[in-house]
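In the two assemblies presented below, chain A is common to both, partnered first by chain B and then by chain C.
Presenting the complex of A and B:
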């Protein structure tokens, strides 16, 4: 990961890769998802993120919020959906500063992404999806707006829990009528965990599904439980994260909303305290 | 896309005379040491030249051709797409030809965010919906639940104001082919909302009838039950006694009951408890019976149905308290 010092103001932060000796004409813009991942990676590596230009990143987040409340991934005109709402809020949470976010417009974006069946889609009127539902619920949790009914009502959260619970066959799938897929054991599992509703699912069944997707010779977890499936990094990570949600022995426990171990999350708390002492 | 591409004597840019003036920017030692990506030789070669021309911000036909190769190697690299769009504009290329190009790439990489973003940008530039509805239909022929495709179709319909009966008919066709296609149900609901018909009595009657036909035959279909409940979201399930009557009849006539049907009836009882209908208690008893049945026929959600059972009692107590306080 590489911190780009010559970035345009609306795309400051971290890029997916480096290698260029100088910033190149605004092409290599930072991406909110990379900024989120980079900050977590630094924390995992025991860095105290004090050398990160938080001011520039927070300003980029402010400039990245669209009129409809959502966020551009890497500046004006780039991709934009619920994934980047999560990334923006998570980065603000890491820096303990939510001032860049306009909650009035974000509220209406999240509300317009709620579907008739109780879940949340990637954007206005899009089909309810496990990934985007996690992004929205985790963002509300990280910003302390999950329970105060300022964005979603208690009744809407109850409907959302039912939508999520209905996504279980053996493991979890991300959309109605789709096959179980290991990564949704995290996206839906973590959503339920954040909503204090994980105990309502059949966790032993989820565990059984996850273990059935392991590769016999190579190790690792696959996306689906089917013959000839190959494991990959993403699904292996999310399978482990999902197992951690249910207290699998030998795995560190997970902070479900920020998607980081509680061990690292604890460090973040100490950094914020030091910051406020200095201020 | 291949028109105008010269035949290369070597697969590598480093061996080509027409690229001899460019010094490629090869991966740095740090890139090669930290979590090195196992990229092939052709990949490293093409992207090293790409970095070099990006640095110069060169605008030329050869750079446009270079982006062809880079996209074939990695269609998910968003910088390549951004550069290609700048080249398209600066070189004044035919956007329709580019649409055909991106159409082929999407068919090869239908689940890639960047390619759909590129298509949307092109359509926005062209300024008319062209064949976009047919294009997404072709994508759905291969994968009827392609999320990007449905988002694209929604955007096209919203952006160019194409809402209308044709879109409803399209979902009818898809749902008759596969009534488990939740994406099609969601799109149908979206069209009715955008058309501002979702609350019209006439529309509701048609839609409820459509649901009855499908749910009556395929009771194990979560999508249709969700859609039916979604239609009645503003007034509540108890706003339509005809629907309740139909569901009760289906329940009494069915032996191998789907949990969606039982859960639908449970939700009706829950509403009645909340409203304090018939004193409430009779509905608490019935709700608890449904929960017990659900535990049996839907064992994976046992914990959830037990919780619903407790919830039925809680709702009842809450309603009584409320009635006492507001006589």
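Presenting the complex of A and C:
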């Protein structure tokens, strides 16, 4: 990761890989998604993240927020959409410090990303999508702004639940009319879980769909259930996470908003000494 | 996330493929190294562009090479401007036309490449004589091949903004896309976003107006007659119905119900309040305890329902004109709205559509989307008059659309309760009776949950839900004033250990399949600790004949009476 000394303040955080502690050039910089992943990985591995330069990361987050409220993933001009809103808020939640975030502009970004059919897209004018909907709802949950109507009203949350449960065919798909894909069992499933509405979907069908994509000899889960499909890491993880949301025996329970096991989430509570994190 | 389907091969085929791959790999590595060498040497010329183009044509997702390419192009542009400024327009146009050609080639084989679309947009934006029409045509063609390709929709929006296409031209485009293919969800979506933008520009955010909605609904009707199974038109129709007029949602914060008695104030807001917010709205004494009530999270920091133990109590803003300390209050208007008990002021905009859907349903009796949309329209326009039809439709949907059965049951639940609240008994409505006496009874109505009664938690003291379908008592924790609960004849198996009933005096779980002895012991143990009185009736349950251990728990308690058999 990049430390504070010598590194430009908005480039601090973790990158995908590489061992240098100072950026090589203008393109070599930290990425919000990698920072989120790195911090969670450290927590899972029992690190107490005391060696992480939290001040530098929080400052980088502050500098990454754009005028429209969204966040750059990797500095000015890089990818920027609801995924990085989630990463920014999640990192703040881990450090229990939301001060880098301008909620006024973030509020208008989230609201402008709400679509006419009740879901949330990656940004303005984009179609409602399971991934971006999770990112927005999880971000609101992690920052304690989900139920107080400061950003989305109760009526809007109800419409969102309706949008979400309409994404179930057998499993879940991410946009209206698209085929079911295992990872949406998490994106949509966790969104419903956070909104206390998981019971409104048909969970046994979801389970049936997930299991149908399991590979016969190799194990693992694929994106779709079709001949010749191969499992991959991403869909395997999210299938397991989705099964955990349903209380699958032998799987740990999952904290749906931070996307980490409750066991590790408990450790985070002790590290940051917060005694009531709002679900 | 992409994955590549692999084809099974024999050993021989495998060897041949391995050789082919090795050759390709060598070619790629050679080019790649030369590109990086040239960059190190700051060599920005045609050769570099050629090499990069060769690699990108095969794999347009290597964004590093697009970045290097842009470095070269910017340099060449500056060079042209310096060396032959009179010809710069033509020369730069040709330079960038090559970029349009390259990206087109890439997109033909890989229409979802982020980098290729991005580069095309980049080139177009700096082109001195851009041919936007060509790009709009390209997008339309690409969308005909895959109407859901969001890269293409995003690019087209970008081009439209560069050209400054008028709203009407854009609406015409979306219209064309929809008439070519009714199940073009992205086109309906685009149309919706355009109308919302137009409304916002006219200062009427989220309001589409009667005329527009009526016209659009005609399109929707055409679409669902042609293909009733496709979701796009139905969803668009529901969107129109929800935006006819500005939202009449109450945006203000309100108290829905409350009471203050025996040193306990119970207040229900329409919106969750933090402790800080509560203290600014309500005055209580120094030693007051403030308890937020929620079934979601026992350590919540904000809640809609609050229980405050205090000897003195006062609201900081009066809710009725004269009364700052109402002993009991219910916000009738808001609660009636919540329970669909009030017919909204007449809107006839949806009437024609409602008739059309009913026509359709005669032919297509099992059209889930038809039933769902019809029910949605009726809930919006005639929730009271058409209550029975709404319930009938929801019941049908439970069978036809099993995936969302629980959601339909939840809506039916609230409507059944509202029907009950309106019932007249001995000259007054049950709602009026509830407000006056705190008492409500709904029996044998297939109720699955009482959670939706939460707005009345400020006054509800007595609830009879006999012979319904409640599987758990947990939501009763939302009603801290309940002294009497009759849950006889419900499918209850145990008493949840999260159940919290601070005012309870009588609880009946008679005629239930209650079998979890440990859970009842735990519950009684909690009551014993509070030293309160309780009568627990559990006649005709599996535990009736196993009550010895329960009597043990309460043996020294005069105030607790266990009733295992009917008296």
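Assume the second predicted complex is superposed on the first by the 261 of 279 C-alpha atoms of A that agree within 3 Å, B and C clash if a C-alpha of one lies under 4 Å from a C-alpha of the other, contacts with A are read in each partner's own complex, and residues count from 1 in each chain.
We adopt the following convention: contacts are C-beta pairs under 8 Å (C-beta built on N, C-alpha and C of every residue); 3 or more make two chains touch, one makes a residue touch a chain.
Since the model is a prediction, treat every value here as computed from it, not as a measurement.
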item: Chain A as common anchor, with chain B and chain C clashing or fitting; value: clash
item: Touching partner for A:204 - first (chain B), second (chain C), both, neither; value: neither
item: Chain B versus chain C as contact partner of A:176, first or second or both or neither; value: both
item: Touching partner for A:125 - first (chain B), second (chain C), both, neither; value: both
item: Touched partner set for A:74, first chain B, second chain C, both or neither; value: first
item: Which superposed partner A:165 touches (first chain B, second chain C, both, neither); value: both
item: Region of chain C that runs into chain B when the structures are aligned on their shared chain, from 253-261, 271-279, 289-297 or 361-369; value: 361-369
item: On chain A, the residue positions that both chain B and chain C contact, one per complex; value: 27, 115-117, 125-127, 162, 165-166, 168-169, 175-178, 199-202, 205
item: Residues of chain C touching chain A in the complex; value: 1, 3, 5-7, 67, 148, 150, 154, 157, 183, 185-186, 189, 192-193, 196, 230-232, 235-236, 238-239, 242-243, 247, 249, 251, 270-274, 296-297, 299-302, 402-407, 410
item: Chain A residues within the chain B interface of the complex; value: 17-22, 24-25, 27-28, 31, 74, 77-79, 115-118, 121-123, 125-129, 162, 165-166, 168-170, 175-178, 199-202, 205
item: Chain A residues touching chain C - in the complex, by the definition given at the top; value: 27, 115-117, 125-127, 144, 147-149, 153-155, 159, 161-162, 165-166, 168-169, 175-178, 183, 196, 199-202, 205, 222-223, 228-230, 232, 234-235, 275-276, 278-279
item: Chain A partner contacts - residues on chain B that touch it in the complex; value: 25, 27-28, 30-31, 51, 54-55, 57, 78-79, 82-83, 113-114, 117, 121, 145, 147, 150-151, 154, 180-183, 186-187, 189-190, 193-194, 222-223, 226-227, 229-231, 233, 299-304, 307
